[in-house]
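Dropping a structure here in structure tokens format, bear with me for questions.
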Amino acid sequence: MNQSEPTECKAPQEPDWKAIRMEFPALHQQVNDSPLVYFDHAATAQKPRKVIDAMTRYYELDNANVHRGVHHLSQRATRAYEEARMKTVRFIGAENPSEVIFTSGTTASINLVAQSWGSAHLKAGDEVLVTGLEHHANLVPWQMICTRTGAHLKIVPVNDLGEVSTESVAQMLHSKTRIFAFSWISNALGTINPAHEWVRLAHEKGITTLIDAAQVVAHHPIDVHGLGVDFLCFSAHKMMGPTGVGVLYGKKSILETLEPMVGGGDMIDEVTYEKSTWAELPYRLEAGTPNIAGVIGLSAAIDFLESIGWSYIERRESELLQYALLKLGSIPQIRFIGQPNNRAGVISFVVDGVHPYDLGTLLDEQGIALRTGHHCAQPLMRHFGISGTCRVSLALYNTFEEIDQLEKALIRALRLMGKVQAQ
Amino acid sequence: MNQSEPTECKAPQEPDWKAIRMEFPALHQQVNDSPLVYFDHAATAQKPRKVIDAMTRYYELDNANVHRGVHHLSQRATRAYEEARMKTVRFIGAENPSEVIFTSGTTASINLVAQSWGSAHLKAGDEVLVTGLEHHANLVPWQMICTRTGAHLKIVPVNDLGEVSTESVAQMLHSKTRIFAFSWISNALGTINPAHEWVRLAHEKGITTLIDAAQVVAHHPIDVHGLGVDFLCFSAHKMMGPTGVGVLYGKKSILETLEPMVGGGDMIDEVTYEKSTWAELPYRLEAGTPNIAGVIGLSAAIDFLESIGWSYIERRESELLQYALLKLGSIPQIRFIGQPNNRAGVISFVVDGVHPYDLGTLLDEQGIALRTGHHCAQPLMRHFGISGTCRVSLALYNTFEEIDQLEKALIRALRLMGKVQAQ
Amino acid sequence: MSNLPSTMKSIQDQLAADFEYLDDWEERYAYLMDLGKDVQGLPLEEKTTDNLIKGCQSRVWLTTRCENNRMWMSADSEAFIAKGIIALLIKVFNGQTPADILNETFDLPDRIGLTAHLSPGRANGLAGMLARIRHDASLALATPNNN
Amino acid sequence: MSNLPSTMKSIQDQLAADFEYLDDWEERYAYLMDLGKDVQGLPLEEKTTDNLIKGCQSRVWLTTRCENNRMWMSADSEAFIAKGIIALLIKVFNGQTPADILNETFDLPDRIGLTAHLSPGRANGLAGMLARIRHDASLALATPNNN
């Protein structure tokens, strides 16, 4: 066999995604008499059997409240919960379990930092820097704390490709900037920002950094140590894990300075009526009964992603993305919103004269699930002079055939609305 | 048949709990070669098959992010999520869906009120009233907001029976009191407080009320309308539902005045860089992707409890409680901590000269799961001059035989530690 | 009860029957959007925040007025499908009495396979439009000179 | 490496063997608590917050000192079982060099069926006690006059 026979070289790849796809029960259903085509991963990912089973198993066997319990169920639940923390530590390249706080999601993680770090470090005249690409979750919490402290919220502008230039970032990071909080990947346009460089630039000026990694976790490896970032946030549900769980990573030295914002069980050391003292990290920032089953599901999701491996995930998603760009690009009515050079598996588009809601509805009738609307990024939509887009967001188990179906379904929808001549 | 033959009268009751018990997978396992006896319900309840299945089914079929999605999965998920809200509204006797906020648990619910209501209504010199029975979750958040606002935290004292007298409450509710926050049932001692009367007393003086109902939901019906209470909080995991979900009930007129503390997706109406406006209730107080699967599990838990019916639950738990008090009371070494006249299925006790941890460990070796320690109520433990107790907490599917086993296991443990003469 | 115009029930029956003639979802949506094209819409000055229905992904503005105990509504939307739904609402509710409107179950979307548009949550505005119409109808009922 | 006292490995082996003779959990716990009774404990003035091990449900105080490159520890607890575990730790670690202590895997609890006591979380203090001993050993190693 020589190299010119590609089928042989590709052979080991093909069974991969088919087997992987089989592990996701939700993918194998009919919607409106068509097989479901799920292209809404930026909103939430589907869950593999192993993640669902891990939680079921927990409830069937180990369910108990964690910490402080001497009985076996509680010990088992506690061990599973803390092992999940260790796994998360490893997964993101953190150094120790004090650096991983379990929250209810990215939104909760960012708010925790904005409130707790913000109250301690922001004062009138200071600046908080975000980019024009942010999800409301990385915008509104900063607005709130700026209102409370008198700090100013500054926005690094977005260019017409939907990119934020590193020059603009460098310019806007200055002596008044206290924190630079940015999304690594834009959920609305798919833009991948040069996170390493931006963190380095900010740190050179002594500015604290937070990365919203909600759109990164299921698609690219994360190494907080390599990034050197101070805070990093993500949600389990976008990485094939369950709803109701997220992570706040923080450098230990910084987390240690944070005052807890939420008080209750598990986060205390000693409580008297006059005064309470707090437990050590990470417990200090995890008040109340945590989402134990959720954390165990997150742990299974990490196992699942790692069993596939990043190089395969990245290669396949990039192939799917290129194919989707090609196919959608071939429909003349479609106008891409955002044409970033460095793009994750997210494509936003509009058809002029057609409301995204109509398009989304007519695609749904053909079994295709994508998202329409402002994608929790109203200011970004305003920048492009639109109220919303249709957004296709991919996962490794999507197929080239599904992209073909999308193309066909789009043309059919456009024809129905009189935007394409009947053939 | 005449009335003196009780077996006949009781007959329809017996199959009930056996069938119910069969629905809980976790109850049917061996721990340390003994059948598990689970007496740790005040920490968390076991989950019936139907609750587990509801979540599995959601992940297998309907999983999608809620709200704003036009595709079928998102519509199904949204409908299930909002139907769960309606069911919760009905379950607690609320009036409309704006009054039920889904949170991550009781702790989160109370903190939301303490922070949001507290910042708006508390100022230096004001008083916040709680009782001496509170779980840290209903104590520490008030301490925090008092520290921030200069308000004072006042404690209604506990008597030696572990009760808080209504006279003391009436005395301490006065013109400086802004809110009275109390647990309806004490998780540490089982004391049932006269919630209706206390709410009435507070409202007569124009004082806002919050009920921590964490220990009530799985055991007694709740009717917020009948109570007239302003806020009421509970967790799903204590009512046979999943971890990571809780409820904040608030009267609509009061919730409408609360500023959101957490910003992000789903809670906004319009976002610009200068200013954001908030969505309507309940969304305004639910930022970010909610714990969708968890809420669906909560919904299934409500169905489950209602399918059994409160009269049966209350009767059976009361019978179990009386029997457990009798059996434990017959062991001379055991000293009850708290002897409230009105008691839920919770019994705390110590054996003088024996650390609860030792007792808990030796019971665990015999398959019996109960909780030892301060039960997140350190000040209450201090009141009784102890560092902790052993706590038995019951659920309707516990059995009289399990209580017999507990008695035997206790005697065996005490003998092992030289506290009972070998027989 | 009211005899002219036809009862809302019979209008819904008629519309449901019209949709039943259509073979598949494409024809149904084409018909719905065609109905929408006939909707008059609203002048710009009536597209105010007050008239905006909360909870629509595509913006929908709706106004009503009551004359001689009959309700009349006008509405507009950016989206074709939303406009089609507006057309249905207008066909069913226009010219009816506030009391009848409040008593009517609007189950047409269900019957023509548009259930998704009625679901709770905030992706679409049918629930919001209905709520607004009912709200205005009860206001009209409470205002003596309309009765 | 060190020859007197016996290596920690052989002490752990010996203790594991002792426990293996015992028939059931009752005998094992009785033996463990008996070992605990021989623990000298600490005078009241050493039961300070500094010496308190975090993460024990029963309070455990532990102090160490290093003399001639040998570590010695004393500890006390309110609970019988915790005191038994202290007894094991003392038997294994007392009189050993800081370097050896840092190299040793303490797997005795596992071998005698006390795994639960080693689990993470905060119900018990064995993990905390071990961490304290290791911490003190590395301090001793870094302090020149102890070597």
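Going in written order, the chains are labelled A, B, C and D, and every chain counts its residues from 1.
The criterion applied here is as follows: contacts are C-beta pairs under 8 Å (C-beta built on N, C-alpha and C of every residue); 3 or more make two chains touch, one makes a residue touch a chain.
Predicted model only: the values in this text are computed from it and were never measured.
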item: Chain of greatest Cα-centre distance to chain A; value: D
item: Separation of mean Cα positions, chain B and chain A [Å, integer]; value: 33
item: Chain centre separation in whole Å, for chain D relative to chain B (CA means); value: 39
item: Computed distance of Cα centres, chain C from chain B, in Å; value: 45
item: Per-residue multi-chain contacts in chain B, two or more chains; value: 32, 68-70, 72, 74, 357, 361, 364, 372-373
item: Multi-partner residues of chain D (each touching 2 or more other chains); value: 57, 116, 124
item: Pairs of chains satisfying the touch condition; value: A-B, A-C, A-D, B-C, B-D
item: Touching residues (chain side chain B, partner chain A) in the complex; value: 25-26, 29, 31-32, 36, 38, 40, 43-44, 46-47, 51-52, 55-56, 59-65, 68-74, 104-108, 110-111, 114-115, 135-137, 139-141, 143-144, 153, 155, 235, 237, 242-245, 261-268, 270-273, 275-276, 287-294, 357, 360-361, 363-364, 368-373, 376, 378-379, 382
item: Parts of chain C lying in touch with chain A, wherever the complex brings them together; value: 25-26, 29-30, 33, 57-59, 78-82, 116, 124
item: Sites on chain B touched by chain D in the complex; value: 32, 354-358, 361-362, 364-365, 372-373, 387-388, 412, 416-417
item: Interfacial residue positions of chain C with respect to chain B in the complex; value: 54, 57, 116, 119-124
item: Interfacial residue positions of chain A with respect to chain D in the complex; value: 66-70, 72, 74-75, 78-79, 81-83, 280, 283
